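Note that the chains are named A, B, C and D in the order they appear, and that numbering of residues resets to 1 at the start of each chain.
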Amino acid sequence: MHFASDNWAGAHPKIAEGLHKHAGGFASAYGTGALDKVIEQTFNEIFEREVAVFFVATGTAANSLAQASVAKPGGVTFAHREAHTIADEGGAPEYLTGGARLHPVDGSLGCIEIDNLRKAIAGYNNVRAGQPMAVSITQLTESGTLYELSDIAAVSAVCRENGLPLHMDGARFANALVSLGCSPADMTWRQGVDILSFGGTKNGCWCAEALVFMDPARAASFPFIRQRAAQLFSKSRFIAAQFEAYFAGDLWLDLARHSNAMAKRLAGHIVASSKVRLGWEPRGNEVFAIMDKPTAARLRESGALFYDQNPPHSERHLIGENETLVRLVTSFATSPEEIDRFGDLIA
Amino acid sequence: MHFASDNWAGAHPKIAEGLHKHAGGFASAYGTGALDKVIEQTFNEIFEREVAVFFVATGTAANSLAQASVAKPGGVTFAHREAHTIADEGGAPEYLTGGARLHPVDGSLGCIEIDNLRKAIAGYNNVRAGQPMAVSITQLTESGTLYELSDIAAVSAVCRENGLPLHMDGARFANALVSLGCSPADMTWRQGVDILSFGGTKNGCWCAEALVFMDPARAASFPFIRQRAAQLFSKSRFIAAQFEAYFAGDLWLDLARHSNAMAKRLAGHIVASSKVRLGWEPRGNEVFAIMDKPTAARLRESGALFYDQNPPHSERHLIGENETLVRLVTSFATSPEEIDRFGDLIA
Amino acid sequence: MHFASDNWAGAHPKIAEGLHKHAGGFASAYGTGALDKVIEQTFNEIFEREVAVFFVATGTAANSLAQASVAKPGGVTFAHREAHTIADEGGAPEYLTGGARLHPVDGSLGCIEIDNLRKAIAGYNNVRAGQPMAVSITQLTESGTLYELSDIAAVSAVCRENGLPLHMDGARFANALVSLGCSPADMTWRQGVDILSFGGTKNGCWCAEALVFMDPARAASFPFIRQRAAQLFSKSRFIAAQFEAYFAGDLWLDLARHSNAMAKRLAGHIVASSKVRLGWEPRGNEVFAIMDKPTAARLRESGALFYDQNPPHSERHLIGENETLVRLVTSFATSPEEIDRFGDLIA
Amino acid sequence: MHFASDNWAGAHPKIAEGLHKHAGGFASAYGTGALDKVIEQTFNEIFEREVAVFFVATGTAANSLAQASVAKPGGVTFAHREAHTIADEGGAPEYLTGGARLHPVDGSLGCIEIDNLRKAIAGYNNVRAGQPMAVSITQLTESGTLYELSDIAAVSAVCRENGLPLHMDGARFANALVSLGCSPADMTWRQGVDILSFGGTKNGCWCAEALVFMDPARAASFPFIRQRAAQLFSKSRFIAAQFEAYFAGDLWLDLARHSNAMAKRLAGHIVASSKVRLGWEPRGNEVFAIMDKPTAARLRESGALFYDQNPPHSERHLIGENETLVRLVTSFATSPEEIDRFGDLIA
């Protein structure tokens, strides 16, 4: 019962095979090979426009270098208080932007609240405070919830008012996409997203992260930014090969649908349980549940792996004194049997 | 006839298989899994002491973060003028150290000349110039030559005199090792090397680079440095799995012996040729040859892939007016047939 | 009626004369002259121990370089939410530390609340969050209040528990000192302060800011840090000359006593007023007053200069709907007549 | 006999008085006061166009922030090998640009040689090497020589070819100006200079350095750059007051003429001497002389203060085995008597 994180799984068999298939032969290095070019074209098709795509090593690199690409002196990025780029990247964005500040914006369940965003931005734009440089949202959010398309559009409207680029951290992009049932274009540039961290790792790849600039003109100096950050792979096709398998026959969407379905199944067990209750409705592959601490301990003893979670700022009131909030993450590798075994334990 | 670079090859079949084998199952993320721990132990055995090992995404990351780990305000790294960290990393060391300077030191054929190093260091250590922070050598050098063990010891003696750590860029560590016929411990800490960029990518891996601190105490804050640089892989075992196969049965040494042997065979053809001559004796898997430009063009038309090379500063006099210096790199994937076909072309 | 800020005044006549007196003659540059040495000795006497003193150009430089001197990878400084180093330095600390984060800590009226500090620190010390590197307090606070000596000791106890240096932003050090009636040693190292931004500019100098390391061993590489930050004056004695006059005959304490007395007199008028009320009791030379907006407008029309102030987070409830909080700052140059004229206007 | 440096002198009496005169009264802070505005207008008049002027604390700050204002990822500044920004700023440009590289260009006697500059630039513009971002020249050069107007135009032509801004380090701008007998506009933007470090400190001010953008549009984000670098003075008028006196009645040109004349007088003594000879013809206020070491020792014993100088790369052949090159700097405060006393000693 592996619910610790979707990055505890390895690689999906088709991706492992895809990679294996490309092991032989020679290809020019540093992202200039034929397969790299093919994958770039695939991204164009997926996003229904010409985009600029750059592979990087980690999601943290994608998020941080997205910000580096729009950095300004005294620059400030606005993101949700619980955003990965604020809470989990060890200062990488501050470091790789040469000292930008990340301003936390509050909002319910992982989503930036528009009025808070407006107020936060209004506090800057003078030399003593610094100047706004970007807004970053996470889709799927860190609370396993979603921005509806209209929510993204509302954030991007504030960006336009303030002349700011909108970045989306898509570490769980596919999970959000199949949950909304829309197209990649709909979830990004059609709502005003300018730069996307496109994550494949959590959805079945070994290591496949890309930064996607919806307008290639924005990416003019990004090759220098990536190299300077030591994020340019020599045998770049080992990323391209993973993406090839990932996209082939819409594997990526199938994997996301599977992990979302597993989360829904898990949520069903929780709703039916008398010992555990849902924190809030899951929209992707992360389920947040509230239980008393002895129950959590007993589940772990029975072999379930999961982490306690600091309750989001906005939801602290939900958790009782002797209770804990836990995060249960499903993945492409989660089986219905695992879920049902967990269901039996909480029945 | 693929002689452009050793990073044009893909992954060796055994490494591809090793990776494939570990695709299934769950493992804790961010370098904390069982296989990561096994590989750390393997490094201890290979280096005959307890070392601290950190996987990173690229050789440039290893070199730059090695410097970041010993950075000082106004700090200066001394390296050979043609060193990769000076000439080919797009400013990554300057950036990832927060502004260190790389001071080029001259010396014949890729090796730092001791007197030049002493003089260069002596020019610093005051606030107007900055303070020395590290010396970096490359083994195999960028000219395909070697530091003998006594040469390394001589550089490290200067380091000790000045209280400086010695870094070795080992992008082609294995090629140097089998060429010298010594042990990893002999080529590193026994001669005073403190930090090693250990490269597996150029010798048959997809992407397997590690930073090795000979004294783990030096690495106390490196986990923060790596995370801050966005170089911590979540599914870290995909690197560990490559290293597992790389070290199993001394595959890594066999691959390096093969590529060195191919280089020697190639050098033999060149020595026998009337149209092409050796720039200098190759010591690993890189052969530098001098030929007139029409010959170079003809070889390329015949299907040989190789790059022109700016002559090392110290060897400019070797190249005639209408001539060019070319670099021919062999790898684990180079076949004797390729070499001999090239030999026929220059016969 | 100049209450906008204490940095709107010029230089006190004795300081202007002191500077004038040293215009002639030659002195070795870059802080190595005889007068620089004299002033360093004066600092030792004032602090009753051997300290290391470095002149810098601005208070922002002092605060930022204090942090740079204790920077760590992924480092985090904890300071009050309204601290100058967080709210008013345009990202200088983030920039000059190479990307540190400033974590705002809440507390009433400009003073860090101990429990909040402990909780904030506890959230770090792992690679995903970063590592604590310093705590910074402001004395006089941005709200014109004070840390009692025991309050400083309580903050420094948390610092010791966590192995963190304690920095004090003393832009209004003298105002706090005479208000508490203690010695510089009492207000700093005897309570555990390690590094002090010692400000003279707001208390009658043109430009005289110094960073004081209570333990000179901590400052070993600071000369490089200062030079690298372009903060080393060539004709350094123009700072030393100001400090000479500043300290002579305890001028600095007299000036601070005067501006504090002026603030007290102003507060008296406010307490007596029916149109304006005190926000809270002033402890130094900053008075915070609440009035309705028409009154504020009328006062400005009558020639009073002052700024509206965002209410401190902890005190928002004090300000009514149509009211404003204003900051009234007195200085060495404030006259009782000005104060009384203002008093008449609000009577 | 003070020939160590022009920054060993204090402030010229008129500048000291000018500063003194402005000590009283109140003025709005941070460069927004009336006197700041007057001086900005004076700069416009001096340069015969609308320029953007920013005061900073040191010449190193001016040079470094000029580069920061045009920084690019992986950026490289080209300057003469002996340029202050390369040799004497302790890594400030690297640090304050977030990791730019300074590429040394050779050329005779402090002046960049055009062919060398072209070759150096040509080596960049790819991700492995980095991208050119600026060219910087020093006028007066570090060798006390000059770029003729046509020389500046030749450098700027290379800049235009490569789309690079041209920066001039004018730490001794006035000395060069009166030596050439041209206008500030002629020596800067009319020859293609884009950004100027305008130094007053070495020519009679206490501390008066400014960065001048010939095109104000280039300076749009400089207020944020300066604040972020902690270089914004609160009582900014103490700089403005110095500049007011500096420019009044062309004092600055008179002071420069005086120090240049003193240098010429000194050179005359040297030419007449049998014990000392000129290194090369001085063009401003720095004289480089060659003498044997016992002579240098004897002069110092007799009370002459001066530094030995590493011979410029291009002029090493001039200095004999037992000889030394010394730098003799005159200033506004140098008297003919001092010069003649030195003349007597070497006669």
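The rule is short, and it goes like this: a contact is a pair of C-beta atoms (placed from the backbone, for glycine too) under 8 Å apart; a residue touches a chain by one contact, two chains touch by 3 or more.
Please read all numbers here as calculations on a predicted model, not as lab measurements.
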item	value
Selected pair, greater C-beta contact count between A-B and B-C	A-B
Chain whose average C-alpha position is farthest from chain D's own	A
Whole-Å separation of chain centres (CA-atom averages), chain B against chain D	42
Whole-Å gap between the CA centroids of chain B and chain C	51
Centroid distance [mean C-alpha coordinates] between chain B and chain A, Å	34
For chain A, residues that touch 2 or more chains besides their own	73-74, 89-91, 95-96, 98-99, 127-128, 130, 224, 227-228, 232
For the chain D and chain C complex, residues of the former touching the latter	2, 4-5, 7-13, 15-17, 19-20, 22-29, 56-61, 64-65, 89-92, 95-96, 201-202, 206-207, 224, 227-235, 237-238, 305, 333
Interface residues, chain B side, partner chain D - complex	73-76, 87-91, 94-102, 127-130
Of all residues in chain C, those that touch chain B in their complex	30, 68, 72-74, 98-99, 127-128, 130-131, 221, 223-228, 232
